[in-house]
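All chains are identified by letter, namely A, B, C and D, in their written order; residue positions are counted from 1 within each chain.
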Amino acid sequence: MALDFQYDELMFSKSTVKNSYAGDVVYGYEFEIMYPSYRGTFLSCIEKLTVKLDGVEIDQKKMRFTLNGKQFLISELPTLCHEYWFVLDRAVITVLQDGGIPAGAKQIDVEMVHRIPYTGYFGEYLTLTSHGTLQVDNHVTEAIK
Amino acid sequence: MKKMNEKIELGVSLYSLTSEFVTEKMGLEDCLRAVAEMGFKGIEIVAAQTVPEYPNPSDKWLFEFRDLLAKYDLKPVCYSAYIDNGLRPDRDLNHDEIVQFTYNDMLYAKKAGFSMIRTQHSISPQILEEMVPACEKLDIMLTIEMHHPHHPRVEVWEKYIELMNKYEHLGVVPDFSIFQRKPHRLLVERLVRAGFREDKLNSVLEYHEKGIPCENAIGELSLNAEEAQFTRDLYEKFNPTPLDDLKTLIPITPYIHGKFYILDNGEFDPCIPYDKILPMIQDLGYKGYIAAEYEGHHFDMSVDARQQLRYYASIFNKYIN
Amino acid sequence: MALDFQYDELMFSKSTVKNSYAGDVVYGYEFEIMYPSYRGTFLSCIEKLTVKLDGVEIDQKKMRFTLNGKQFLISELPTLCHEYWFVLDRAVITVLQDGGIPAGAKQIDVEMVHRIPYTGYFGEYLTLTSHGTLQVDNHVTEAIK
Amino acid sequence: MKKMNEKIELGVSLYSLTSEFVTEKMGLEDCLRAVAEMGFKGIEIVAAQTVPEYPNPSDKWLFEFRDLLAKYDLKPVCYSAYIDNGLRPDRDLNHDEIVQFTYNDMLYAKKAGFSMIRTQHSISPQILEEMVPACEKLDIMLTIEMHHPHHPRVEVWEKYIELMNKYEHLGVVPDFSIFQRKPHRLLVERLVRAGFREDKLNSVLEYHEKGIPCENAIGELSLNAEEAQFTRDLYEKFNPTPLDDLKTLIPITPYIHGKFYILDNGEFDPCIPYDKILPMIQDLGYKGYIAAEYEGHHFDMSVDARQQLRYYASIFNKYIN
């Protein structure tokens, strides 16, 4: 009964969308997510992580996941058995997109499938699917240069 | 008997304050100050929640934490560890990794002043016994939590219980979720939000309470497929082990998880029979901490956990001492 | 001609042997090593790491390797593709040994076989074997408690 | 022509100060101050040496570094990247990983104020060309170092040279190790320490210098097996590509690695023919930085690298301007 493990509201805690700058060039946009649980996890427990912008799924190869000062490809997450995601730490998801967040963009949806690694009671591990939604607004924060 | 204290005393797992902690309404020191003010004496931390550097807290963190506990006159009772057996996508943790995690957690616990770690049943009887010399050398109790849906007749537990009777430094931490007899209010509310028609659900809960079999409920109450599945889950989950198991457990119990989900007052838990449990463990001679372990945040993060802890302390005081 | 890649003298830079304490219990001993090169590397490039105390090889299972605030088993090193060993950072090798460094111990020898990951010139990667020696003295430092 | 500057100017790779940096005799700022005082104008960093947070330097580090360069009036010329193709034990880096490393290094370079990154030949022609739109968008030159034992007729380089002629933002960084004609003193000393009898080695070096074939040297000089192998290695290694290759390279060269191993004075490098190279690149119209790249620390960490850099600057000034 996965109804008893529900912290999805934590995923987007105080998060905003920012454009990503290198010098004066905008090469993408980024936002923060938290791990939706009462405890931290290892990135190897993330089985799937998808992002939709206004309903359209972002190419996984255009996404980067940054945590603990390191940047990962989404495809690498399952291999990161020593990368701990502390429950108060924010991971940054960057979407590589020339010019940044498209004008008029409204909503970002994240879906994360994650294994709960200690739930080996009587068999398989519990795997949850968490959802989070972020309204883009027009409050796109600018980077410090 | 695993006598960890002169009497039964009330502790708290900081896990109870999950909602306040993970939403950053309360920092670690705020949590400690709050529980000290409420009268809790002993502290448990869930390292994977509390320690930013998990799984390898630095000496700096551990010593600062130890000093923080001293500042609020709180006793470090239990350092809660995990066996994150499913950490890797390709295989379970292997022997050496489980030993490494467990031994490290014992070292970290010792450094921060704890004399006990609580681990999980997937440690395996072999590794549990293998750790005994380290337990003795460090003088650290190594305990396994018995949590719902486990009970003393689960096969692996029969072996654990044997080892816990044999070795002074091994023990069980019963989590009183094993005695939960019906779903708590927050779960009921969640089921309703998930689409279980309220009147149907109430009828199911009546059937369950009266001991009418699950298939009767499903057959007689015109449930839809989803409701029927929830009903099966409810019957499976709320099938508590007998309180008599305490007679097996208490002699090997150095510490208890006083699990609760939601309390409406400081008198009575409708879900877990503390009115029977607390007198019984006293009669059985238990001497140690019971950690208030509030878990309602799993279902509703807006509940005031401090109020819940006060209610729990009140129930505890009603029966103990 | 591996004669042109020789920084072994860096491995034991200002290193001493300390006993490892948990409370008042000595559970092992430890010493620091640096990566012997002009640049940092990834731990996945370490193919072998052995320690001898007065000529006797230490059981790999009794050794721990700590870097970047994380502790690893020696057997895990080849899997750590995202654990960077900065050239000025010291890794700690801990040997689990009740009572700590044995009385009268004189010398620690480390041998590290490591792949140079960018040397794919015309074929295979260059793999070096570095050696370092540390005199134990009797200056075993005590831990802060 | 890849015109990166108004004239030929002297830069330095901080790699030259490896020994001072890795033994903590000089910190990063000490290195910058020292090279600024010696008159070097442009800076190259080897990120995998200099950046504690490698491979992902934080904005904080990059901005502080940019400001530190400004403080000493040093120009950020080249951010040196690696293709650590053998990073994993099981396979080479894949396409996506090489693109990620390369694109990131371009972003980091841009943030710190560099207009060029130098990568390695294992990037592959396909990925090199794939990066061109990003180079144009960021206005970052993407260059590949041509290092001994490479030269323009190595197959992959024929393709690279074609692309570098085609795209404005691609270029080569010749490392003048490709022109080294004989072993430098530190290597000779190391060979002697490794057991090559000094008189025998001197004879081998005479044979090599006169162009007498390797097998004659081995046959006529009564070398032992180890000496014979060293001799074969020497003949293979010190077989420089013709200086004439500069005619192919200079038009696609935005930056040069002025490699040297050991200098005994500020007049002449006995190993790499700077007396011929420097006038030649000037005649060929090169406009850009030459980075002094001292590499003797690979062989002897006790040499004073600052003295070596002064010698190199002196040779540079003898021929340029």
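Points worth noting:
Convention: a contact is a pair of C-beta atoms (placed from the backbone, for glycine too) under 8 Å apart; a residue touches a chain by one contact, two chains touch by 3 or more.
In this text the structure is predicted, and so the values were computed from the model without any measurement.
With centres taken as mean Cα positions, subunit C sits 36 Å from subunit A.
A straight line joining the Cα centres of subunit C and subunit D is 30 Å long. Taking the mean of the C-alpha atoms as each chain's centre, subunit B and subunit D sit 61 Å apart. Among all residues of subunit A, those that touch two or more other chains are 70, 79, 81.
Judged by the touch criterion defined above, the protein chains form a pattern that is neither an open path, a ring nor a star, and not fully connected either. According to the touch criterion at the top of this document, the contacting chain pairs are A-B, A-C, A-D, B-C, C-D.
The part of subunit C that touches subunit D in the complex is made up of residues 1, 3-7, 9-10, 13, 34, 38-40, 42, 44-45, 47, 78-79, 81, 84, 86-89, 115-122, 125.
Listing the residues of subunit B that touch subunit A in their complex gives 15, 18, 21-24, 46, 48-49, 51-52, 54-55, 82-89, 92, 120, 122, 149-150, 187, 190-191, 194, 230, 233-234, 237, 297-299, 301.
Across the interface of their complex, subunit D is touched by residues 22-23, 25, 27, 61, 64, 66, 69-71, 73, 75, 96, 98, 143-145 of subunit A.
For subunit A in complex with subunit C, the touching residues are 70, 72, 76, 79-83. Of all residues in subunit D, only 53, 56, 58-59, 63, 96-97, 100, 103-104, 106-107, 110-111, 113, 137-139 touch subunit A in the complex they form.
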